[in-house]
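Structures for review follow.
Across the two complexes that follow, subunit A remains constant while its partner is subunit B and subsequently subunit C.
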Partner chain A sequence: MNVPNPRQIDWREWHTLFRAIPDELVQNTRYYRHLPDVEWSLYLFPPSTHTVYGNRLLRKLRFDNSPAALRLWGFVLSECERLYRAKQAGMKVVAVMGDLGAVTPLIYSFPNTIAFYPDCLWWTPFLMESRVLFEEAAMLGLSEDCCYVRAALGGFARRAYFPRPDLCIATVGATCDDMAAVTAGVERLGCTVRYLELPHRADREKSLQQCYPPFNSPPQSGGEKDNSSQSGGEKDGSPRRGGEKNNRSQIGRDEKYHPRDELRSYIAGQHLKLCGWLEDLTGAKFNLNRYSATIHKVNHLRKTIADLKDLITTSGPNPMGALEMLNAEFAALSYYGDLDECCAVLDELHKTVEWRVKKRAGYPNQSVKLLWLTPPADPLLLNYVEELGGRIVATEYLINQTTPLISIENDKTAQLPSDEHHRSFGRESIFLPLSEAQLSGSLISSSDYRIGLALQYAGKSRANGAVISGVFGSSHCPYETAPLVEALRQAGIPTLAFDVVAPGKVRMQAQLLNRIEAFIEMLKNRKNANIDADADGDADERGRI
Partner chain B sequence: MCLRAPVEIIETCGAVPLRLTPNYDNDNILTSEIRCDACAFCRRIPDMLESEYFGNIKAIYAGACCDQMRRVMDTLARSSRIPVIFFGAPRTWGNHNGYFYNEFQRAAYELAGCLETSIDTNKLERRIAARRELNSKANMLLQAVFIPASLLQRIAASPLPAEKTLDFLNRIESDLAPAEGLRLMLAGSIPNRLCVQIIETSGGNIIADAGCLGDRVFRETDGNIQESFRYLYDHYIEQNLCPHRRPVKPLIEWMTELAAERRVEGVIYRSVKYCHPWGLAAQQIKTELDLPTLIIDDDLSDAAISTYRVRIEAFMEMLQARRNRNKNR
Partner chain C sequence: MSDERMNARERWGLLLIDELTDRPPVYPLITSHAATVHGCNLIDYCRDGRVLAEAQIEAQRIYGQDGLTVFTDVGLIAEAFGSRYLLRAEDVPILLEPLIQNPEQVDDLAIPEPQSAGRLPVYIEAVDRLFTAAGDRQPVFAFIPAPFTTAAGLRGTETFLTDTILMPETAHKILDLTLNAALKLCDECILAGGLPVLVDPLASGSVISRHTFKEFALPYIKGLIDYLHRYDLDIMLHICGETKNILDLIPATDADLFSLDKLDLAAACKEIGSRVRLVGNIPPNSLLAFSGHPTFGPVEEALTIGMQNPKGFVLSTGCEVPIRADKEKLLTMINTAKRARYVEW
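Moving on, here comes the complex of A and B:
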C-alpha cells in the first residue's frame, strides 16, 4: 500500500494512477458500514470525480500520491453526500455551530445520530471557486464585514449543501461574533436553534487569589445559610435565591476558590442540557456504556491525530502534505459524519506516515519548517508554501479543544445507577472531562494563552518561521494578530501575517502570493546563513541571526 | 464600560463611574495594536483611555458582552497599567444564572478590593434606590415629553450621582414639550455626539433611542432592592437587551413596542463598522420593524461624516415627503 516515492501530484496524474487501484479496494472502501446494502456508500474516487461535482479548485491543488491520502480526500469530499444519505437512512442529523468539535462526542453517543459543522462550509467558496454562498449570505445581511463563516448561512439558505438538520445547536459566549450572526440568520430562515452557553476562560486563578482580600464587612445574620454553592445552586442549574450577604462572606473567605472548577461545572451543565435535547430528539435515553464506547473511539481518533502531528515534525523529509494534515486535524470536529470510518481512514494515513518516517521517505526540497496559525480558508495557500520549499511542522488551527484525550475512567459518579440522581446533579459530573477538554480551546481565552501555545509549538517543532493566515472581519483576528506577531518575533521567529483573500480577487491574491514567496526566500537565506555560521563555529553570529 | 457594568457598585465603592463613549474627536490617531477590521468603537478604547478625561482612573470594570468587547478587555489587561476587572455574563436568555451570578458578585468584590474599600450593602441599596428613581423619572418624561437624544445620552453617560441628575431633570421638566417634526428611532451601535447632532439639526426628533446610551439605560425592572446583588444582576445582566444576545428576538420585540408606543415614523439604524452584533442584525431588524429605515455603517471617522450628513438629510426629506403625502390623503 505504501508508495515508495512520496510525491505531490495533481488531479490529472491521480486520474491516471487511479486505474491501478484494485477494484476490490474501491468496493471495500465504504462509509456507514453498519447499514445493509450500501452500494451508494463507496467513496474512493480520484479528485477528478469531485472536480466534476463542482470542486473546481481541486484542479489546482497538489495531493499526496498515497492510497491513504486518496482515501482521506474521498472521505472528506463525500461528507455532503454522506449527510444526505444519513438522512435517507433514517439517521438523525445534528447541525452544530460555534464550538468546533467540543460537543460532538456526546452527540455521537446517541444511536443513529451524526453531527456536522455548517461552520466548515467556510472553505466551500474557495473549493468551488464560487461566490454563490457569500452572495446568498449577503442577501440575508451578512456581507464582507463578516468572516468567511457567513458561507454557512448561504448554505442554510440554498438548501443544497446539507440536508435540513433534525436539530440545530449553537454555542455562543466566548465564540466569535460572526458565527453568532450566522445563527441569528439561521433562525430567521425558520430553523429552530438551541443555544449552549460557553463563558470565557479568564485564566486568572492566581490573580484572583491575590485580588480577593477577605471582605471587610462581617458576615450578616439572616437569609439562607451558605447559599453560595460553588458548583451552582439548585438542581435545575438555577441559582439559589436570596441572601447575598451570606454569599458575599462565603465567597470572600473561601481561599480554595478555583474559577476553573466552577466554569468546568457550568459547562458540564450545558452538556447535560444538550444531553436532554438529544434524548428528546432520538427517543433514546443517555447510555453510559454507549457514551464510554464513543469516548474511546474519539480518544483513539484524537491520539492518532496527535501522533500524526508528532510524526510530521520528525527529522527527514516531509512525510505528508499540509493539506492532508489539515483534513486529518479537522476530522476531530465531527468525524466527517461517520466516526468509525473516520478512525479507519486516519489509521491508514497514520500507517503510511509512520512507514515513510521509518524509511525516511518524503517530499524532496521542503526544508523550511513553518508553524501555521489559524486555518487558511483557502487550501491553495498551503500547497503554495510547500511548492516554495516550506514544510508545515506545527499548527494551531483554533481547534485546541479537540486535542485532549477525554478521561472517563476517573469519574465515580458515572457509575450511579439511579436515573433520577443522574437527572439532578450527579449526571452532569459525567461530563466534567468533556468540559475540561472544551476548556482547552484557544478561542475562549486570552490572547496570551494562544501566544503561549504558539511559542510552545514553535519551540517543540523548531520552526524556522511562522505564518498567520487571518480572516478579515472576524472578531478575533483584529485583536490577536499583532500580539502574536510581536511575541513570535521577539522569540526570534520570523512571522508573516496576512488575511486570506476571498475567491475571485485575483489581484489581491497575487500580492499575497508575492509576500509568501518573499517570506520563504528570506527564511531560506536565513537558514543558509545559520548553517554557515554553524560551520564557522561562530556562536555570536548564530545568536545574532 | 458598556451597559452591563452596574454603576451603583462603582458608586458604592466610593468611586465615580466614567462611561466610555465616543466623543467629537473622531480622527484621533490610533496607536493601539488592534487592527482596522475591529469594531471602530472598540479599537478606539485604548487610545480613549489615554486621554486627559480618563487620566486618573483606578480600574476598568466591565461585563462580558460581545466577543470584541471581551477582546478589548483582554488587550487592556495585557497592555494597560490600569487593573481590568472583567466578569463573565450570559449571552443566552433566562437560565443558568448560578455561575454568572457568582461571577458578577466576585467582580464587585474584586473592584472593592482593587479600590481598597468594602461594599456596604446599605449604601448599595441607597444607590440602587436613587438610580431607580432616576430611571422612573426619565421614563415618565420620555413618554410625556420630548427629551433630545443629545441630552438623554449625556445624562446616560454622566458621571454624576443619580440624585444630581434627577434634580436636573426636575428643574428642566417644565421646559420640555412634546416633539414636533419627524419622529425617529435611533438604533445601532454606540453613537458619537456629532452623529446625533446632525440628525437633530436636520429636523429629526429622536423620540426613541434603542442604542447603547438611550432608552435602554433607563429601563425599569422589577425586583427587591433588599437583595441588592440579585436585583443588579437581573437588571444589568439578565434583562439587558443587547443584540449580542441570542436569540435576538426579545430586543426586536422591545424595539417594535417602543416604535409603536412613541409613534415612530422612521428608523435611523447607525452601526459602527465591524460592530457585528448591531451591524449584522441590521437587515433583520429593518425587516421586522417594517418602518422606513436608513441603515448607515461608518467607522466613526471624520471622513465618514459628510456622507453621513447627506444621507441623513435625504432620509429626512423622504420622510417629510411621505408625511405630506399622508396628510394630503
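Moving on, here comes the complex of A and C:
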C-alpha cells in the first residue's frame, strides 16, 4: 500500500481501505510468531471487525490512516483473544495489578510466560459503551465512589475478558486506595493474589531530588511554593520540597543517609520474591542471560516510545493521532501480551512518524498544543480535542515507572551484575536496575513530584494549555488535581480539569464536551492575541485563566 | 435466568475463540415470530427497521435468548434487484414475479445499493438500532441470503434450477451478481454492527443434488465467507432441510459455524464436529401449540450430544421459530437449555 497523506479517518473508511491491504501482509502479521502459523494469530484487521464484536465506541473514533496505525490498533484490540490463546498454547499468564508495569520485564524473562494488566480494563466500558463491568463491580461492592479501574473487578467476576491468571500479583504500601479495593475484591472472588510492597519514595528529601537522573533541575515554579497544607508545604514559607526534617525524623536517619539506595534495595528484594514465585510457577530457574535479553528488548521498546513522544512535538503538523500515541505509551506496561511483536508494531509506527516528521507531513488544523495529564478513560475525548484543533504534545499518564531505560550500561551502581557480583552482594542486586525504574513511578510519593513532571513537560513541549482528565471518586484525583491545576496556572499555563463522564451519561457528556470546546476556543484566541502582541513587539506574558 | 453471570455477548465471544463458557449459547432462530410477540403485523416488520428492532428487543426481553436477529425473508436481495415480492400481514413475503425473465437481462443488472434499494435500508436500520440499543450485551446477527438462494429469487426457483442444467454459464453469471450484492449488503451490516450469518435454504439437500450444491452453491458461499474471513469475522452458515448428502462438503465452505436442521446431530458431530461449531437443531414444528411434540426431551438430548462437540455447540432450532410458535413451549426450550452447564467451567 502506498504511504497515504496523513489523515484521521473513521471506521467506515478503514473498512473500505482495508481491501487494498495486500493479502500477504495480512497473512504475515501475526502474534506469537514462535508458534506454528495458526489462523487465530493474525491481527491486521480494521476497526469495523472489532466493532461487530462489541467495541461500539470505535464507530465514533477517528484513526490514523497509516498501515502502521492499523497494525497498532489491530494489535491492541486483539489482546483479549491473545491472552486466551496464550493459555491454550500452554503459556503462563500473569496478572499484574497496581503500579507494577515496572516488573513485567522480569515476568517476560521466564520462558513461555506473559503478563497482562487487568487495570487496563478501565477502557473496556468506554470502548464497548457499556455499563456491564461497572454493574458487576457495583454488585461486588465497588460503585461510583471508586475509580473506573473497578471494571477490572467486574472482569475477574465475569470470566470473559481474560483467562484465569496463573499468577496474580498486586501492590501494597505506596499504592492507590482504589486499586487496593479492587484487589481485595478480586481476593474475595477466590483468586489468590500475591503482594509486592512498594515503599513511599519520600522524594521531598533534598538528597533524593538530586538523585533523580531525568529531573536534575527542580521545577522552577508552582511546585516550589507552599500552596496547600495538603501537599505538605512548610508554613514558614520554606520550599515545599524542604520537608526533609519531617521525613528524617520519621525515618530516623542522619545526614549521610541515602534512602534512595535503601529503597532500591528494598524493592529489589520484592523483585526477588517475585522471581521465586515465577520460578515456582514455570518450573524454570531464573536465567541471567534471558533476563538480560528481555531487558534489552524492553529498553528498545521504551526508547521507541520516548522517541515517538519527542517526534510528536515537531514544529511541523501533528504527525500522529493522540489515540495512537496513547496506545503506544501503554504498550510499556505489559506489551499487550507479546513483547517481540509489540516491539515490531511500535518500530513500524516509529518509522511512519519519523518519515512524516521529515517530510513535514501531518494532520492540518491542529495547532493548539496541549499537555494531557492522567490517561482519559474515555478515548473519545482525545479525538474530540483534536477535532477542535487541539494537539497533544506531551502526556503524563501515571505510568512513569515504565518509562526509564533500565540502566545496565551507564549506571555503575545499577549494572547487571556478573555471577560473581551476584554471589557476593546477594541475589536481589540483580534487580537493582529494575528497582531504580520502579522508583520513577508517578504515584508513589507526594504530588510535588508529579507537579514537577507536569511543569517540565509543559515547558519542554511549549504547551499552550493543559488538560487534566480525572476520575470522580478516585483516590488520587481529588487530592492531586487541585495542586496540579494551581501549579500549572501559576506557571501561566491555562488548565482545564474535569472528571471523565461514565458511559451512557449523555447529558453530562454533552456538558463536558462544551467545556472542552470553550477551553480550546479560548486557547486559540490567546494564541492569536499573542501572535498579534508579538507582531507589535510586546513580550509574550502568558496570562492566566 | 437471574443467576447467570455471563451475558450473550460474552458467551458468544468465548465460544468463537474456542474457550469454554458456562453453558452453550441458546439461540433459537427467532425471526418473524418476534413480530407476533411484539404485536405488529409482518408487513410493518418487513418494511420498518424501527419496528423490526423493537420487536426483536421485545422478544429478547421475553425469551432471554442469546443473540438478536435481523431477518425478514430470503427474497430481500432479489427484491432489491427488482424481483416482485408480496408482503403479507400474517406470513413471510412470497415471490410474485422474478426479475430475470430473459437471460439477456443479466448483463444489464446493477448491484443494488444497500442504502437505497428495496428493503435493504430497513435491514441496515434494524441492525444499527439493535446494535445501538443492546450491542454491548447481545451480538446482532444479520442474516444474509446466500448467492444461490438470491439467484433463485431473481430467476424463479424452477427456472434457475433448470438453468443450472441447461444454461450453466448463465447460472454462474447470475450467481456472480448475487454474490457481489451479498458482499455489499454484508459490508453495510458490518458497519452497522451486525455479524453476517449466511442463509441458503435453496441450497438444501431437500431441494438440490449434491452435484448442484458443489457446482453452484458451495463456491459462492465460500467466496462470501472468504471475503468475510479477510475481516476476521466468524461466519455461521444456515441451511435448512436435509443436508446429509452435503455434510462432508460443509467444511469446504470454511464456515465457522454450521446451523443444521433435519440431520442427525450425533452424526454431524462425528463427521465435522472437530472442524466446525454446530448450531441446532430442535425441530421448529415442535414449538407449535398443537404439534404433539414434547420440548423438554429433545432439548436435553440435543444438549447431551451437542455439548460433546469438540469445536463447540449452540442450542438452536433447525430453522426459523414458527411465526405462531407457542410461547410457553419456546420458553421451556430456552430455559431447559439454560440450565445446562459445562462441568469443566
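Quick note on the criterion: the second predicted complex is superposed on the first by the 467 of 545 C-alpha atoms of A that agree within 3 Å, B and C clash if a C-alpha of one lies under 4 Å from a C-alpha of the other, contacts with A are read in each partner's own complex, and residues count from 1 in each chain.
We adopt the following convention: a contact is a pair of C-beta atoms (placed from the backbone, for glycine too) under 8 Å apart; a residue touches a chain by one contact, two chains touch by 3 or more.
Since the structure is predicted, the reported quantities are computational estimates derived from the model, not experimental observations.
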With both complexes overlaid on chain A, does A:132 touch subunit B (first), subunit C (second), both or neither?
second
In the superposed arrangement, which partner chain does A:184 touch: subunit B (first), subunit C (second), both, or neither?
first
First (subunit B), second (subunit C), both or neither: which does A:88 touch?
second
Answer with first, second, both or neither: which of subunit B and subunit C does A:25 touch in the superposed model?
neither
For A:53, using the defined touch cut-off, is the partner it touches subunit B, subunit C, both, or neither? Pick first, second, both or neither.
second
More subunit A residues in contact - subunit B or subunit C
B
A:262 contacts which: subunit B (first), subunit C (second), both, neither?
first
Could you tell me if A:42 is touching subunit B, subunit C, both of them or neither one (first, second, both, neither)?
second
Would you check which partner chain A:270 touches, where first means subunit B only, second means subunit C only, and both and neither mean what they say?
first
On subunit A, which stretch or stretches are contacted by subunit B in one complex as well as by subunit C in the other?
none
Going by the contact rule at the top, pick out the subunit C residues touching subunit A in the complex.
5-7, 9-11, 13-14, 17-19, 21, 131-132, 135-137, 139, 187, 190-191, 193-195, 230-233
Where on subunit A does subunit B make contact in their complex?
140-142, 145-146, 170, 172-178, 180-181, 183-185, 187-188, 193, 195-197, 199-200, 202, 208, 211-213, 215-217, 220, 228-230, 232-234, 236-245, 247-248, 251-252, 262-263, 265-266, 269-270, 446-448, 472-483, 486
Taking the complex as given, what residues does subunit A use to touch subunit C?
11-12, 15, 18, 23, 26, 40, 42, 45-46, 48-49, 51-54, 56, 59, 81, 84-85, 88, 128-130, 132, 136, 157-161, 163
Contact residues on subunit B for subunit A in the complex?
33-38, 43, 64, 66-68, 70-72, 74-75, 77-78, 86, 88, 90-92, 95-103, 105-106, 109-110, 112-114, 117-121, 227-230, 244, 246-248, 273-274, 276-277, 279-284, 297
